[in-house]
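Scrolling down, you'll hit the structures one after another.
Look for chain A in each of the two complexes below; its partner is chain B in the first and chain C in the second.
== the complex of A and B ==
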């Protein structure tokens, strides 16, 4: 059984439709990860007793255990507490929370890299705390870590197929469906791989270019 | 709670497969990371091109696609059906080996040039320069990154449940969830704890290797260890 171009072209529209789902989940998941990660980093910076230790434990626990198990956990456990969400939403939340633990560390490094003098100057001007963050610290900390955040968005894109475990029809699940309907696995899975390459290679090149420009400044 | 012993027994039943997958994956990762990483630094353009293609290809596609490709497509193309666990080890190794290659390349090129010049001045052979001067320092540099990579690999073993390897995740989701629905929170907490313990074990081994490596190179403890010691003394 070799490569069949007619079949490959015939299934392409459906594969592209599934790619769209994958991209939507990546974008929404990234939004959760970027916002929640920032919140975790800023709250941890305040070093509130107990809250800080709890957040630390949460971040370490989530980072050290498989995303797939966390996906199943949310999928099976949330309904027990009366929270009934579709597989798509569970996927966005699981990816978003998992990656928030990564991005919180990235933000932390960025915040730590802002010179002490900036904090002192902001305090000397008696800026309110919210202005210190939004007007002084974050505008310096966030651009520095953009390449690292970009890399995590690309990683997340490649982890979306884990959601086939809970029935989300993303690219790989679509390939699985097609190959079990037609008994031809070669074309669907190869196209799935190529679609990932086609998006993540240019994205990585973009991030690397951003990185180099930051390094040059 | 009365089901606790049975739940624990079923999950522990999956531990050997998870450990074999992780250990096999780690061995293959080390092998591929060093081969591809050193090839990336080679003077031969062809070798560099092959290695670069391997690295970009495996870093650019999803691990699940790689797994399904090797498990479902390869048999149709070449007639070789891999055993699920073996297919899993191969994919875990190929995928993480590509990331490891960049770690090896980075660490080897970060060894100060003066080390090589010094060794040349002492008329070390090129072979000795590579293996007795550059590599020992580079390997020590790589250990923390490899620690992270191995933990990623351990977490990735969960995807083997997709091709029905009876590892911890498969045991939990396919066997326990349908049968012990009332203890669902307990099942997941225990599953996550098993992975956490394995991750802590990996970190402990890597830290131990770091300490041995630092001692053998005659290095002082790391900066953070020094700060801790100073803080303790005050």
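== the complex of A and C ==
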């Protein structure tokens, strides 16, 4: 059972279509993760009693349970409570929220790295709190952590295949479908792996370059 | 504010960090336009005074008034309650501070460092804020650095910009917290002479913590010697430096003059 070029080329369009779904989920999930993580980090910094403990518990809970369980919970359990979400939406929300708990820690580290004097100077100028964040703290904190955030986006991309468990037709699920139709697993799974590699590798190189540039500043 | 009213009043102020009493039952009054220098060994509470005025710390007891308004408390239903953040910010607008470590915003140009608060806090138009920034940068001798980033400037230049940034808010009170301590020795004199000029050409009330005794002597109307959270001597500079009455002041002055 050798490599069949004709078959490989024939399934490529379908594989690319599935890659598109994978990329869409990654991008939308990243948006959720990057925005929600930032909100969690900023709100936690305010150390509001009860809110802070609740957020802490939420973050620890999400980080300590497998993503797949969260995916299954959203997809199979929530409908019991009348909340029905499509597989694509569950994928975006589950990945986004799961990774938001990680990105919130990354943001926190970035925020903590801004010298205390910056907060004090902003306070001494009576800048309103919203402006202290958007004008002074975040513009210094976020660029520092961009490489770490980039790495999480790459991780999310590689975690999308978990969603085959709820029937999302992403790259690996497509490969599985094709190989069960034709009983030829080599080409679909090889192409699936290569597609991930083709995107992850340049992205990793980009992140590393970003890291080096940050280190040089 | 009545013309005769003091600019800054501390009444029975106490500040503790855990068990450590930094300021105890402190009373202090500063007149409008007065230049007061706070000296004393480190940990004697002088920087805490500035930080309390800037609301970077909260009093544990007592009250602080600035320009006739409570800074630490606000009046509510005829009584005094601890001030909230919004109220403090309102009173604090009249106070500017220059820090030992400059604390310029590195993500902004010099221009934006100077225009940010005047536009956002005082509501100046962009043109007004720019004009003010240019004027102040000329005053501190850095007119040509307006579009530079803080990281491109020397320490002395950064501190000049920081002084201009504080002045851009047109404060009634200026707090100087060891503003030359982080500078290379050859840059100290320039910054000090700039402060002398500002002291002479404005009527801003200035509270200054410094180890530069020569500067304190020339610059201040009054010098307060702190030790263990109390003012142990409070006198015009010629008296305090010329004929210190307190033994602790004498030993401190001897120690710093090496």
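Here is the rule we use: the second predicted complex is superposed on the first by the 217 of 217 C-alpha atoms of A that agree within 3 Å, B and C clash if a C-alpha of one lies under 4 Å from a C-alpha of the other, contacts with A are read in each partner's own complex, and residues count from 1 in each chain.
We adopt the following convention: a residue touches a chain if its C-beta (ideal position, glycine included) is under 8 Å from a C-beta of that chain, and two chains touch if they have at least 3 such contacts.
Model, not experiment: these values are computed from the prediction.
Undergrad: Taking the superposition on A as described, I'd like to know which of chain B and chain C A:151 touches: first, second, both or neither.
TA: Neither: A:151 stays clear of chain B and chain C.
Undergrad: Contact-wise, after the overlay, does A:182 reach chain B, chain C, both or neither (first, second, both, neither)?
TA: In the superposition, A:182 touches no partner, neither chain B nor chain C.
Undergrad: Between chain B and chain C, whom does A:140 touch in the aligned arrangement: first, second, both, or neither?
TA: second
Undergrad: Contacts for A:162 in the overlay, against chain B (first) and chain C (second): which applies, first, second, both or neither?
TA: first
Undergrad: Could you say whether A:125 touches chain B, chain C, both of them, or neither, answering first, second, both or neither?
TA: In the superposition, A:125 touches chain C alone.
Undergrad: In the superposed arrangement, does A:80 touch chain B (first), chain C (second), both or neither?
TA: Once the two structures are laid over each other on A, A:80 reaches chain B alone.
Undergrad: Check whether chain B or chain C contacts more residues of chain A in the superposed model.
TA: Of chain B and chain C, B contacts more residues of chain A.
Undergrad: Going by the contact definition given at the top, which residues of chain A touch chain B in one complex and chain C in the other?
TA: On chain A, no residue contacts both chain B in one structure and chain C in the other.
Undergrad: Using the touch rule from the top, collect the residues of chain B that touch chain A in their complex.
TA: Residues 56-57, 59-66, 68-69, 72-73, 76-77, 151, 154-159, 161-162, 169, 172-173, 177, 184-185, 188, 191-192, 195-196, 199-200.
Undergrad: Of all residues in chain A, which touch chain C in the complex?
TA: Per the stated touch rule, the residues are 115, 117-118, 120-129, 131, 135-136, 139-140.
Undergrad: Inside the complex, what are the residues of chain A that reach chain B?
TA: 1, 61, 64-70, 72-73, 76-77, 80, 158-162, 164-165, 171-172, 175-176, 179, 185-186, 189-190, 192-193, 196-197, 200-201, 204
Undergrad: In the complex, go through chain C and note every residue touching chain A.
TA: 54-56, 85, 89, 92-93, 95-97, 99, 101, 103-108, 116-117, 120-121, 165-166, 169
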